[in-house]
Amino acid sequence: MGKYFTVTCFGESHGKCVGVVVDGCPPGLDLSDADVQRELDKRKPVSSAISTPRREEDRVELLSGIFNGHTTGAPICMLVWNRAVDSKPYEEMRWTPRPGHADYPARIRYQGFNDYRGGGRFSGRLTAAYVMAGAVAKRVLNKKGIEVLAHVTQIGPIKSLKTPSVNEIRLNVYANPMRCATRDVAQLMEKAVRAARDEGDSVGGVVEGMILNVPPGIGQPVFGALDADLAQALFNIPAVKGVEFGTGFEAAGLKGSQNNDAYTIKTGQVSTTTNNAGGILGGLSTGMPIIFRVAFKPTPSIAKPQRTVNLKEGINMEIEVKGRHDACIVPRAVPVVESMAAITLADHLLAVGFR
Amino acid sequence: MGKYFTVTCFGESHGKCVGVVVDGCPPGLDLSDADVQRELDKRKPVSSAISTPRREEDRVELLSGIFNGHTTGAPICMLVWNRAVDSKPYEEMRWTPRPGHADYPARIRYQGFNDYRGGGRFSGRLTAAYVMAGAVAKRVLNKKGIEVLAHVTQIGPIKSLKTPSVNEIRLNVYANPMRCATRDVAQLMEKAVRAARDEGDSVGGVVEGMILNVPPGIGQPVFGALDADLAQALFNIPAVKGVEFGTGFEAAGLKGSQNNDAYTIKTGQVSTTTNNAGGILGGLSTGMPIIFRVAFKPTPSIAKPQRTVNLKEGINMEIEVKGRHDACIVPRAVPVVESMAAITLADHLLAVGFR
Amino acid sequence: MGKYFTVTCFGESHGKCVGVVVDGCPPGLDLSDADVQRELDKRKPVSSAISTPRREEDRVELLSGIFNGHTTGAPICMLVWNRAVDSKPYEEMRWTPRPGHADYPARIRYQGFNDYRGGGRFSGRLTAAYVMAGAVAKRVLNKKGIEVLAHVTQIGPIKSLKTPSVNEIRLNVYANPMRCATRDVAQLMEKAVRAARDEGDSVGGVVEGMILNVPPGIGQPVFGALDADLAQALFNIPAVKGVEFGTGFEAAGLKGSQNNDAYTIKTGQVSTTTNNAGGILGGLSTGMPIIFRVAFKPTPSIAKPQRTVNLKEGINMEIEVKGRHDACIVPRAVPVVESMAAITLADHLLAVGFR
Amino acid sequence: MGKYFTVTCFGESHGKCVGVVVDGCPPGLDLSDADVQRELDKRKPVSSAISTPRREEDRVELLSGIFNGHTTGAPICMLVWNRAVDSKPYEEMRWTPRPGHADYPARIRYQGFNDYRGGGRFSGRLTAAYVMAGAVAKRVLNKKGIEVLAHVTQIGPIKSLKTPSVNEIRLNVYANPMRCATRDVAQLMEKAVRAARDEGDSVGGVVEGMILNVPPGIGQPVFGALDADLAQALFNIPAVKGVEFGTGFEAAGLKGSQNNDAYTIKTGQVSTTTNNAGGILGGLSTGMPIIFRVAFKPTPSIAKPQRTVNLKEGINMEIEVKGRHDACIVPRAVPVVESMAAITLADHLLAVGFR
């Protein structure tokens, strides 16, 4: 992933570790294990209501590319070691693909050689690698005053109707387990998750991301569009089924006169009076905040029995996915969305020669 | 664009030509000028209601990579020459960015050196290059029995509520100017476009795409996801603001038990009883039809006066975008959506060694 | 070719044209058809002694990426049209691969679909595309004061023993048909070519290239080494069989104390007292001139009868390659070597953010 | 490095580890730690005469991409941990670049932030990563019956004049510390190294590589030439100053009639009676053995005093590079040459759809 700021992930859910190599990071940026750990911690499950009782206390280890507390310009390898985990339940399901998971196509893609334990490389656990890389990308962005934020706007049927201020997002998101910028909505969301969990079911949701202080003119037309690359990055997050910018799908129903953003100039500074474009026109940043929304499907691992097939015996059957899983992964996806956005933007900044 | 089936576009709206080089096409495929022309013709404006009176009669010219009616394995360069066009109106707007267009960020990105005439490289005219490349990609796919379809499901406020059959799509889409699979809905859509045009305004819409007969296991997890690459390709089409697969944004409100697709086996053939996933799980094709929707914003060029700025004089002002423009570009985007999907899939097929 | 300054070639020897798309060129550089033509003209055969009587008067046509005499930042497509040529002789040789040419492996690689006329894509004519792209790259370099030179140091058995000065190279190379910096050696070389031609044979040679005023620190260790990328570019020139930097193969016989270049500082300027490294250490430029030599094999097309096989009938046979061909292509390779060096360096300059 | 079989290295000489991620390896290949260790062991110093007394006993650790003894198709991360090393000597030389090393350009490239201890990322120690990746590449090649060999043909002034048979190479190379296929020459070489060492000096040499059983038609014309990519890979090995294929630089002095390889057919099998081309024509493999030679400069670290500069104080001075270093690294480069050739070929095999 990436052309100038490149990210290579490795590792599996139940293998030795999950890691990432970031190449192309400029030299001279402050970066410590603690900086990366802080980002990783945002991904920790925080509420017993919504997430797996498995303790995932990931400690990042930086293996290369750092010297005397600064990036050196060399590839940065970072990883978290996996703890001993029980892979037995997966043995039983080896021939019975779980609905909504990649078990079946993965089996075909890798001719049966893929590490199927815990979803292997398709596990949400791999997003720890995205977050480690994102921590480095954020350092690149911070140097230019660019800030990446994300917050949950919908969990199952509960939608946050009012638009929170940037400050509300900054203050509230990591202060509640739902990563929602509006506290009372967060409580409703948590209730919805709890209800799903109690039914042995799961819920999805929507995360809104924003990138502040991006200078105008970042991106490229005709392959290399900033929105195209952001969308690609976001769809590489497991469970993402939709991405939209600015007014997004709603724009399809608007008129040009409603959707166009009028320009205005004030003390030499050009801006638009609205931001329906979500900060991107023709694949280039406009200088306004970049705004996008990402739709997550409900977690496919549910306790309810589901119909599937036994591939070995070639028969239809029922499956109950064992173990405890997150009834909703959307809140934990918030730092992942931030990270993928940060990585993409860092790549585009370096593309235009920002150092 | 692409890694194995690579596409490089060149040309500008009011320059000499719009062209494309396709590299990585396997040798031995039948391909003639007529094959590419047929696809290009799908992009032609067909209704005086919806599109520009500019006559765009593009004749493709194949410059390389073809010998004795077959692809040779060498890069295929194709182009359409531009006709003499009047670029004067653009001269006047050089310092006054049109709302909703990329004029302003492009000016900054290219330090004022970009060819601004007719939108230059940001013009929808560049999509002719996508369609030429798509014609080659479709040849690659056809050899494997893979078919790419697209149809308009929404224009402004008019949504097509029923799901057309594959045959209705095949038969009807290119038989009406709105590229809608349901004829009576097409008429309502045309009316909506006419109304917008008469007001000096424009409308957007939604195109649904589908790819049939994709074998399971195409794609890649963790960077290289098939949906991620499709989304990236689609967002590189001008005016796209949203992309979703299967249940898409609606999935955010569903429960896992509703959204998961149950597997079933019949005479050794595995399939799912529903296709909420839109044919992709974990970045890999499932073997079910790949289904996605693409949201287009309303054409930014409208006759109504709009507020903008004069960048030279640093003042606010009003602009009326002259010339006649499409009041709705969505129907013309249908073959473009098909093409971008075909290019992406051809790339992924070659990635797994399909020849 | 290239990552930041990317070059895509298309066309065949006897097809419609030979062309190239250069992407990633910064906006705002002066560039006209004449600038590119000047470089192309360096590649013209100048002596009846050494080259084909076929008249190759290539006129370049710039199709995109230029506006008002400047690069726009958009892809630059350039081509030369092929004249009507007689492809019949190649029809006869379709099943009888010419020794030293790529006919045989090309046939296998492309399953017989490759355009074999005139060598198709393997023809030296394709280097016209390299030179067009090189003309753009030189513009990028000139802006930074970087100069690329090349000259012939050996033709067959004739080696130029004395090292010419930079000024001699600048003045003499394009003033004699052998592209040799030393005039009397040039005459001996021409005699050697004439002798080979009269025997129906051919000769090879060596071209030395140099790049002046490269700032130190350009390149990358561990994949992306400047010498590695230069070598790759140079080996993509047909007929190249060896590349060396600085003392090159001779270094294998030297001691460390002889081959190391001592550093010295003078008015704050660091340099080395010798340049055995050829201006590159650890994949990075040192600030000294980059010096390399490129070995060309003798032209494989010779009038003498040669043993080959008839692939259709599966028998051994003799072939006489018809038509008149260059008895030595080395002088015509000089601008090609310059171009490939310039393209590689432009790519590396952009990689470190030079604009 | 690589497009289909991609290799990403990380780590520094005196950092925590040296590692590599290999992506694109097909699933289902047998691969164990022992397989990689066997290759790594070939790189171990074996003679007190030629190499550093530092004990480098590298144990490889495979972190991902392997399951039940097979590759899974997921990225394979492998590393060797560095032992505690004394970095103090490098502290002293921080401002005094060692002649022949990359210290000076690295300092500029990375603005002083590079990890300079032990040469950091420019150290020969990084080639352990190449060898680990090469072990995987060899597995890919073995499946197709392709074998990669290398042997030392020159050390300082001692050249091996006779051409050893393939069997001699297989048997003798790893049976003597000079990695020479001819035993008595090996003894002369060892003497030459000893002599250099005793003078506080060093010697270079030449490694010849060969790749057997490559099918014809592997590679690509016009960017992507097999020889070009092999050369690029080989020049990414530290200390390489020249690469040639087949007759190489000697070809420059030959006539076409001498250098062309005649084709012959026998029981339907096409081959050439000579192999002056070194197995590659027009960037494609011919089916004959691929033969190349790689020139290594003498190790720059020598005990003799050398002139350099103090960059902090801006003065000329003398330096004596402390510690014990290899008086000749050429024998240890043999498995590295094999590895880089194997990686390049694996990449090209996958490019044409070999699985």
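Order of writing sets the chain letters: A, B, C and D. Residues in each chain are counted from 1.
In the analysis below, contacts are C-beta pairs under 8 Å (C-beta built on N, C-alpha and C of every residue); 3 or more make two chains touch, one makes a residue touch a chain.
In this text the structure is predicted, and so the values were computed from the model without any measurement.
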From the centre of subunit B, which other chain's Cα mean sits the farthest off? D
So which pair out of A-D, B-C or C-D basically repeats A-B, with more than half the contacts the same? C-D
Cα-centroid distance, subunit A relative to subunit D, in whole angstrom: 40
Between subunit B and subunit D, what's the gap in Å when you average each chain's C-alpha atoms? 47
Using the touch definition from the top, which residues of subunit B touch two or more other chains? 9, 109-110, 121
Could you list, by residue number, the parts of subunit D that touch subunit A in their complex? 6, 8-12, 15-17, 19, 21, 23, 27-28, 63-65, 67, 70-77, 79, 109-111, 113-115, 117, 120-121
Residue ranges of subunit B touching subunit A (in the complex, touch as defined): 1, 7, 9, 97, 99-102, 104-110, 121-122, 126, 129, 154, 156-157, 196, 199, 201-206, 215-219, 221-225, 227-229, 231-236, 238, 240-249, 251-265, 268, 270, 272-273, 276-278, 281-287, 293, 295-302, 304, 306-309, 311, 314-316, 352
